[in-house]
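Read from first to last, the chains carry the letters A, B, C, D and E; within each, the first residue is number 1.
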Amino acid sequence: MLINCAAYEDGKKLADLPISSIREYVSRPGCFVWVALKDPESSDLEALQGEFHLHPLAVEDATHGHQRPKLEEYGDMLFCVLHVLEMDELGNLEVGEVDIFVGPNYVLSVRSKSRIGFLNVRERCEQEPHLLKNGAGFVLYALMDAVVDRYFAIVHRLEGELEQIEDRIFTERGTARANIEALYALKRKLVTVNHAAVPLLEAIAHLYGGRVPQVCMHIQEYFRDVYDHLERIVKITDSVRDMLTTAIQVNLAIISLEDSAVSKRLAAYAALFAVPTMIAGIYGMNFEHMPELKSEFGYPLSLTAMVVLDIVLYWRFRRARWL
Amino acid sequence: MLINCAAYEDGKKLADLPISSIREYVSRPGCFVWVALKDPESSDLEALQGEFHLHPLAVEDATHGHQRPKLEEYGDMLFCVLHVLEMDELGNLEVGEVDIFVGPNYVLSVRSKSRIGFLNVRERCEQEPHLLKNGAGFVLYALMDAVVDRYFAIVHRLEGELEQIEDRIFTERGTARANIEALYALKRKLVTVNHAAVPLLEAIAHLYGGRVPQVCMHIQEYFRDVYDHLERIVKITDSVRDMLTTAIQVNLAIISLEDSAVSKRLAAYAALFAVPTMIAGIYGMNFEHMPELKSEFGYPLSLTAMVVLDIVLYWRFRRARWL
Amino acid sequence: MLINCAAYEDGKKLADLPISSIREYVSRPGCFVWVALKDPESSDLEALQGEFHLHPLAVEDATHGHQRPKLEEYGDMLFCVLHVLEMDELGNLEVGEVDIFVGPNYVLSVRSKSRIGFLNVRERCEQEPHLLKNGAGFVLYALMDAVVDRYFAIVHRLEGELEQIEDRIFTERGTARANIEALYALKRKLVTVNHAAVPLLEAIAHLYGGRVPQVCMHIQEYFRDVYDHLERIVKITDSVRDMLTTAIQVNLAIISLEDSAVSKRLAAYAALFAVPTMIAGIYGMNFEHMPELKSEFGYPLSLTAMVVLDIVLYWRFRRARWL
Amino acid sequence: MLINCAAYEDGKKLADLPISSIREYVSRPGCFVWVALKDPESSDLEALQGEFHLHPLAVEDATHGHQRPKLEEYGDMLFCVLHVLEMDELGNLEVGEVDIFVGPNYVLSVRSKSRIGFLNVRERCEQEPHLLKNGAGFVLYALMDAVVDRYFAIVHRLEGELEQIEDRIFTERGTARANIEALYALKRKLVTVNHAAVPLLEAIAHLYGGRVPQVCMHIQEYFRDVYDHLERIVKITDSVRDMLTTAIQVNLAIISLEDSAVSKRLAAYAALFAVPTMIAGIYGMNFEHMPELKSEFGYPLSLTAMVVLDIVLYWRFRRARWL
Amino acid sequence: MLINCAAYEDGKKLADLPISSIREYVSRPGCFVWVALKDPESSDLEALQGEFHLHPLAVEDATHGHQRPKLEEYGDMLFCVLHVLEMDELGNLEVGEVDIFVGPNYVLSVRSKSRIGFLNVRERCEQEPHLLKNGAGFVLYALMDAVVDRYFAIVHRLEGELEQIEDRIFTERGTARANIEALYALKRKLVTVNHAAVPLLEAIAHLYGGRVPQVCMHIQEYFRDVYDHLERIVKITDSVRDMLTTAIQVNLAIISLEDSAVSKRLAAYAALFAVPTMIAGIYGMNFEHMPELKSEFGYPLSLTAMVVLDIVLYWRFRRARWL
């Protein structure tokens, strides 16, 4: 589905175009065309492949989807795959994909499996013509920056999830099973974020500093900035993973401790029953000569003994924190 | 066993050949011979060693089998070992091997311990003469691509296995032992896939970008594509391993939790027996002055007390989720 | 908020300046201006951005804060982000930030979220004019050195915390839960220190040895010294982390051991009750021919048997260290 | 002890020599001397040190033994230390050492603490004069190859040991303690193999590809072959270690499971006793009005109730797999 | 405190000197001065700083102590920090420090917090004038070699400690707590050794092979030898750490196993009590028609039944290894 197609010159939008007029603008020097597709048919891509001379392997990747984030150079064309992360209401992570083809005079972005679009990126670019006149490379930067910015929101939510679980581990008894499930689910999400961020980090490292593709040459510092953001994201996920590993161990220790506490309580209660049972057993013996049995106060005294002993025991268990 | 032997020129098949005519075609410029063997006798290999001037160490490796995946250059010959992974009906991984010798004008593939062949690779190559005219290097690519593509199916099945185990861990009680065995078996398979994929990744990295062997020079982007697929496979197995490690810990925690739950249930039942036993003990005492014993309602009341106390206890245990 | 603004020449302070006179001194050769801000409004930064020609991306970073420690070159300007660590009375770590812009003739430090300032750094610099005449780069060094020096205090406190926990683990029974919480909290702090120190280490490595920015050229050995201190800090935190991991495992083992000790005690007590109960049961049987029942000494002897057996058991449990 | 001393020219043996005639052959161009010592006195080594101009540090290393595997260049001499691994009848690993000095016209191998010699290496070399004429470097290769080949046997036995333990873990109850001991012993052996193989791997990497010592120049592909074998060994030990770590965790989980199973069985049996005891208690009460007590069928019916209840319980425990 | 101060020329000692005559000998070509201090006052160091033109940062490091092992070049001066490890009678590790300043014509060693000195190093050097004539660099080597040699003794003791703990883990029951403490203490010592050895390893790597400081140029092979020893030490500590990690896990498993064994024993004993109690309960019932009660042999038979059942149970528990 075509979302958008426009030509830009010197940072300003010239016109919205039909696909058929792309050729005209692409050949105009100093001008570039920015096309946005969503969940395209393979025919859509094929049409544009002709206009922009896209490399067949890149088009194949964009058609099939399910790529790792990456950045590939095919001659003077860059092909970039980004993962778009969105969190639904239940806190599940959904992974969409944006494939971006960038040439000297065109940008083609192909979005799939992602609910949120990039219209606001285009708007912001159009409001900053002094930056947009850096050309197609700047659009690549703007899209990357938007994608990476969304990672921050995700990563901070995951940090928050970890903190909630930590609180539960240390303060709420009986949540161990829920904590385990939550920690495991969190781990899964961290793996997903890592799969999105780490390969992209490696990719962006090629866009500043060393041998940089022509189209990104004059805006290297912007890519370094994205790199920097991404590195922060990766470090945060790394430390969340690190804490999570410890949290799992700690949770296990808490389970052992609670188990041990349960054993103690059980044993204490067992003792509270065992004492009267033993006394009762003694006075249930059939010896002929048991003077207590004849005494009028035997029965009430034995009951009192049971109760008193149990109270003493209860108090001692309490003090030892077994009950 | 000879599977296939044919000569190609300019991307088109010239003829199926007997071994004896290989020499003639090999010496013809612009032409290359593609020979496929299966579980060959060492005599088969020796014959071809002469025709293609294969290096003795490479031939020795192909004869013995059991090699790690690798890529070696001997002068202008490439020797490549690939692991072929197949999953049988029971979900066991079987490892076969394909050894490929590639020279400027020949490709020799030697398949062993693998049920599935590569005839479809040859067919697809023959249907795409515009690609096949890239020569022997393209055949190497096509074989690699076919082998690596099969890894995807395996890896996705392993992902599926992990998800099944995860489901069982969190939802089905009493499956802990089965889960452990399944997790361990899964780990084994991941190690096998890693052994196939990681060394190959290192090997393919030499086929694009830097100093590339002559025979692969013009199709570097295809090898980068295989590299990319393989890297995805490695990343997936890495994250499955990572989750698996966590799953083992989590499973252990669940075992502790279930154990603890069992302790609680046992203790609750023990209490349900202990209460009537204690009451019965008390009224089994032989004191002369126990007025309850004389009462007509003593017995039914004591039974009622037992039942009522047990019901109360049961209800409390229920509420505390011990029962 | 402006904390301080002064011009220096040849290692000596010329004058305290209002912001408006900065331009005059910046343009004077051999002279540099040192400005310190705290929690600045974005307008404050914008004013100085004009004076010092700061790069917009760096200013944006300083305005937003929450950066990782880093060192970036923008032309002949260095932009450096440091984390300031402070420990409050409860032992919690607080992370502040200092952003430092260094150019050939100016230093601008922007402090945020940090209670402790750097006035003493300025004082010490002014007392050592032979060093301060190395210019703006030396001020960068002096600030870094002050920040890193504070890390030492933190790290040594964390070492102390670990040692306290270790002592408790091995010598005080019943502290397992408190130890787990303390170990987990310690881990969190270590992660925080690592986040402050490791990226800075990577950054400072660019300030000596290889291609060094002009402004730090003549004082490389000082930066190597900071690097050295920082590396020591990193190594200490690494080994604290390493020991901490082991401590968590060890604590878990101690929990198991204590649990096991509790089981033994419980069982021993249960036995002490079970013996009299059994004997009482036996003499509670209703057989007609039980000669002991008739004996006058039957009852006292049976009680004696109960007591004696329990004493023997108690003594044996004691010896086996079950009680 | 001198094992062997012979001179070779053009791949063929010239003569067995006494030590005293070495000088004559060493100085003859195109000729090299191959000396094999076993557990030598330091005097033996000193004598040869003079003949071959061995470097004192290398001789010191060979005299003291207990070296890590390594490869050192001293001018045009190579000094190589290899670990020889042998497994005794009880499955214990023994580590011997071979130190090899290689110069342009001599090879001196010094074997210590190893039962098995290298006579077969010399024999095979003498049977392949077309290879042996590559000179002293080829002898180094042949010795390395023989040593590394023996590693394979060891490593495959360790794989076998792991598989046996795995089988026991999952199929034989009550073997947990034996399994732990076996896993620990296996770990020790893996560490030993790793100590032999990994440093050697690093060492051999200097014998092909890059700047290669003169004496190995023409047979680089042979050293690459050894490297390849060694890398396979290292990968196998790595994956055995990896599985072993998992096996230890899995074994721990199995221990917990068996423990839990034992608890259940015990509790079930306790219940089987508790039921009759409770019933007996009830009919042991001394109420005057307990009609069952007068009934002729009271006793048999109560016994029947005990038995029936126990059978029901038993059947339910059975079904729940507690018994 | 000045320990020693002497001048050497051509490998031979010229004279013991007072500090005041150092200047004279330092300026004499081909001659070098070797000064040894112990726990110096800062005034001692300042005096020598003037004589030898030591860099202030290095002197500051030597004054404060508590440095990581390192090697720094300041112009043609080398500054080297080594950790000296000593084990006291209780097996505790003590860490001392030696700081060594080496210039073309002087060596200054500053020892602190270490009981054992380096007089024997000086003696050995003076006995080998053919080596000592390599100058100040050789003294650096000799000191390093002495320090590293002492590491071996430490590391072998730690290996011995591990083996003792292993023996206890597998053969002596009830030592689990002691083992945990011992393993933890061992881990601490390994961390200490690692802190001494690993940074030194990195440092020494700069003294051979690549760009080597002038003063060490002609004795590179000696530094390679130290490097080699140190690498062996590091590998040994690495594998001790590795085994130790496994030993902690194994110990935990053993704890679980012993715990499980205790549970079984307890349960077995409980059963031995439960059987007579149940039988006694049955014959304590008050049914009128219980023929056994009238029988003269009822009582002895019931006692016999109790004993026989217990013997059978005991024998079965024994066979099942529960008792």
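Definition applied: contacts are C-beta pairs under 8 Å (C-beta built on N, C-alpha and C of every residue); 3 or more make two chains touch, one makes a residue touch a chain.
Here the structure is a predicted model, which means the values were calculated and not measured.
Shared contact partners of chain A and chain C are absent; no chain touches both. Taking the definition of touch as given, a chain qualifies here only if it contacts chain A and chain D alike; those chains are B.
Rotation angle for the C-alpha superposition of chain B on chain D: 70 degrees, rounded in steps of 5. Of all residue numbers used at the contact between chain A and chain B, under half are used by both chains, marking a mostly different-residue interface. A separation of 26 Å divides the Cα centre of chain D from that of chain E. Averaged C-alpha coordinates give centres for chain C and chain D that are 41 Å from one another. Contact of a single residue of chain A with at least two other chains is seen at positions 249, 252, 256, 259, 263, 270, 277, 281, 284-286, 290. Taken pairwise by the contact criterion, the protein chains form one closed cycle in which every chain touches exactly two others. If you walk the ring beginning with chain A and heading to chain B next, you pass the chains as A, B, D, E, C. For chain D in complex with chain E, the touching residues are 55, 57, 67-68, 70, 72, 74, 174, 176-177, 180-181, 183-184, 187-188, 191, 194-195, 199, 245, 248-249, 251-252, 255-256, 258-259, 262-263, 266, 269-270, 273, 276-277, 280-281, 283-286, 290, 292-296, 298-299, 302-303, 306.
Here chain D touches chain B in the complex through residues 166, 170, 221-222, 224-225, 228, 231-232, 235, 239, 242-243, 246-247, 249-250, 252-254, 256-257, 259-260, 263-264, 267, 270-271, 274-275, 277-278, 281-282, 284-290, 321, going by the rule given at the top.
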